[in-house]
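Each of the two complexes below includes chain A, the first together with chain B, the second together with chain C.
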Partner chain A sequence: MAIALAVSPTRMELLKLKQRVGLAQKGHDLLKEKMDALVIEFFEVLRRIQEARMKAFDQLSVAHRALSMGFAVVGTLETKQASKETKRELQVEISTRHIMGIAVPAVEVGEVERSALVRGYGLHMTSSVLDEASREFERALKLLIELAELEASAFAIVRELEKTKRRVNALEYILIPRLREALKFIMMRLDEMERENFTRLKRIKAMMEKRE
Partner chain B sequence: MSADRLIKFELSKLNVHLPERRLSLKEALSSAKPQVVSRDGSVHTFKREELEFLAGLLPEADRDKLQVPILIALEPKLGRGTARISGEAEVKVVSQVLEKELTAVELLIYRPEVAILRRKLPTTTQYLFLW
Partner chain C sequence: MSYRIAVVGDQDTVTGLALAGATYTHIHTTNEETFAKLNEFFDSEEIGVLLITHRVAEELGYDFRRMVRTKRLLPLVLRIPDKTGYVSKVDELREIIRRTVGAEIMIKKEGS
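And now, the complex of A and B:
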C-alpha cells in the first residue's frame, strides 16, 4: 500500500503533482524499454558464451589429449621441465566498448600461437608431440580469452539490468502510486473545499434572506 | 537528490552512448579505423565485416545515404517492444536483413526482430531512446 506524500491541498500543488506524475511515468516507460533492450543484449551474450564455452571445452580436451601423448612420448619430468622453461608472456590490449552506455571490456589479443623456437623450451630434450600439445593449448588460450571477454560483458550487462530493474520497480511500485495517491487526496480535498464553500454560501444566503 | 532530479538524470543518461556525428557507410568503408565518438567521449568502433556486409546490401550509389550506426529508436508511445527505423537507405538495409517487405521511409520492427538485427549487426546498430 502506497503511503501518501505530505502535500498541501492547493491547485498549485495539484498542477505540480500532475507534472511529477507525467515525468515519473515517462521515466518508468523509458527505463522499461531500456530494461527490455538490456535483456535482448544479455540473451545474445549468453548465446555467444554458450558457443564460446563449447568451443573452448572441445579445444581443451583436444589439448589435454595432446598433452597426454606428450607425457607418454617425452616423459612426465621432461614435459614438466619444458613447461617451466616456457615463456609465459602474452600481449593483450584491453580496452572498453560501450553497449548502451555500459562499459564492457574489449580484449584484443595478438597472435597466441607461437613457433616452437619462440616458446622458450629446449628443443633437444623435447619432441614434436610436445610442440603439438603446446599449439593446441595456445589455441585453447585464445578461445578462453574470448570467453572471458564475453563473461565480463555478461556480468556488466547484468549489473546494469539489476540497477535498471530496481529503478523501474521503485517508480512502478513506490513513487508513481504515492504521487497518484497524493493527487487523488488533493483532488478530493479540493472538491470537499468546494462543497464546503457552496454549503457555506447557501447558509449565508438563507440567513440573509431570513433577516430581510 | 530528489526523485524528480534522479529521473531527469536517468533520462539524460539514456542516450549518451550515441555518436555526436554519424558516418556515412562510404566514409566508414574508406576509413582505416572506422569509428565514431560518442556523446560521453567514448569511441565506438565498427567491425569491418559488418560494414562490408551492409555495403553488399546496397547499390554503390546509396552508400553515402546510409548513416552508421543505424538507430533503433525505442519510443514508449509506439508500444512496449516496438522500434522504429528511419531513413530510406536504413529501411532498405534493415528490411533485407530481416527479410521483410520494403515499405516507406520508416519501418516499425518488434522485439524478436530487434534481437535478430542486433545479432546480425552488433556494432553498426545502436539503440535510441525517444520520448
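And now, the complex of A and C:
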C-alpha cells in the first residue's frame, strides 16, 4: 500500500489532487508510448548491427590473412615501413541525427579504397601482395566505421530507454498510487465530516423539539 | 565536421589499419602507456572513431569501460577482433540489454 501524501482534507485540495492525477496519468501514457517506440527502433538497430558485425568481422579476417601474405612476401619490416609511409589521412564526416529527441551519431564515409599509386608507400620494395592487403583492410575499415555508427546509436537508444523506463515506473508505481491514496483519504474524510454534521443536526433538532 | 580514425591494438591490426588510412595508432604494450595514449585520443577533438581490439580492451579492464561510459558523444568506440579473431565473451551491448530489458534477447536470422 502506498503512503499517502500529507494533505489537508479540503474540497480545494481534492480538486487539485484530481488534476494532478489526471496529469500524471497523461504523462505516464505518453512516456509508455515513447518507450514502445524506442523498443521498436532499438530492435531495428540491433538487427542491423548483427548483419553489419558479421560482414565487417569477416572482412577483417580476410584482411588479416592478406596481411600475413604481405608479411611473408614483402617482409615484416618492409610491411611495417610501408604502413608508416602511407598517407594516413582518412576522414569521416560525423554529424548528429535525432531519433525521437536522442542525439545519435550519423557517420558518412567517403571512398576508403585507394589505388596503389595514391597510398604513398614506395612501389619498388613492395609487392602487389601488399596492395592486396591494403585494399582488404580499406574495405574492412569502411565496414568497421559503419558498424561503429550503429553500435553507438544502439547505446544511445538503450540509455534513453533506461531513463524512460525509470520514469514510467516512478509514475506508475510511486507517484500515481500515492496521489490516489491521498485522493481516497480526502474523500473518506469529507464523507465522514458530512455524516458527523448530519448526526449533529439530527441531535440538535431532537433537543429543540424536546424543549418546546 | 570531419574526423579521423584512431586504432589501438596489436602490431598486426595497427599495421593493417594504418595501411588502410587510419591516422592515429598505438601498439599496446603496457597498460600505463596505453591509458596515457587513450586519454590523449579521448581528449582530442580530431578523432571521430576509435577502434580497439577486444584483447586489449579486456586487458585494460574496468578503467577502460568507465572511460567509454563517461566519454562524450565522440569518439565512437568500437571493439574489433584481432588477427586470431578473438572476441570477448562478454558482449557489452548484450549486457546492457539484459540490464534494461531484464531478459536475454537473441536475434536470429529469419528462417533459422
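Here is the rule we use: the second predicted complex is superposed on the first by the 211 of 212 C-alpha atoms of A that agree within 3 Å, B and C clash if a C-alpha of one lies under 4 Å from a C-alpha of the other, contacts with A are read in each partner's own complex, and residues count from 1 in each chain.
Simple rule for what comes next: contacts are C-beta pairs under 8 Å (C-beta built on N, C-alpha and C of every residue); 3 or more make two chains touch, one makes a residue touch a chain.
Since this is a predicted model, take the numbers as computed values, not measurements.
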item: Combined model on chain A: chain C and chain B, fit or clash; value: fit
item: Chain A residues touched by each partner, larger count belonging to chain B or chain C; value: C
item: Partner chain(s) touched by A:D36 [first = chain B, second = chain C, both, neither]; value: first
item: Contacts of A:S134 with chain B and chain C, given as first, second, both or neither; value: second
item: First (chain B), second (chain C), both or neither touched by A:V21; value: neither
item: Touching partner for A:L175 - first (chain B), second (chain C), both, neither; value: first
item: Touching partner for A:Q50 - first (chain B), second (chain C), both, neither; value: second
item: Chain B versus chain C as contact partner of A:A103, first or second or both or neither; value: both
item: Degrees between the directions from chain A toward chain B and toward chain C, using C-alpha centres, nearest 10; value: 120
item: Nearest Cα pair across chain B and chain C, whole Å; value: 13
item: Footprint overlap on chain A, comparing chain B with chain C; value: 43, 96, 103
item: Touching residues (chain side chain B, partner chain A) in the complex; value: 3-4, 7-8, 10-11, 13-14, 16-17, 38, 40, 42, 44-45, 74-76, 80-81, 111, 114-115, 118-119, 122, 126-127, 129, 131
item: Chain A to chain C touching residues, read off their complex; value: 43, 46-47, 49-50, 56-57, 60-61, 63-64, 67-68, 79-80, 82-84, 86-96, 103, 105, 107, 112, 114, 119, 130, 133-134, 137-138, 140-141, 144-145, 147-149, 151-152, 154-155, 158, 161-162, 165
item: Residues of chain C defined as touching chain A within the complex; value: 1-5, 11-23, 25, 48-49, 51, 73-74, 76-78, 80-81, 83, 85, 87, 93, 96-97, 99-100, 105, 107, 109
item: In the complex, chain A residues that touch chain B; value: 20, 23-24, 26-27, 29-34, 36-37, 40-41, 43-44, 96-101, 103, 167, 171, 175
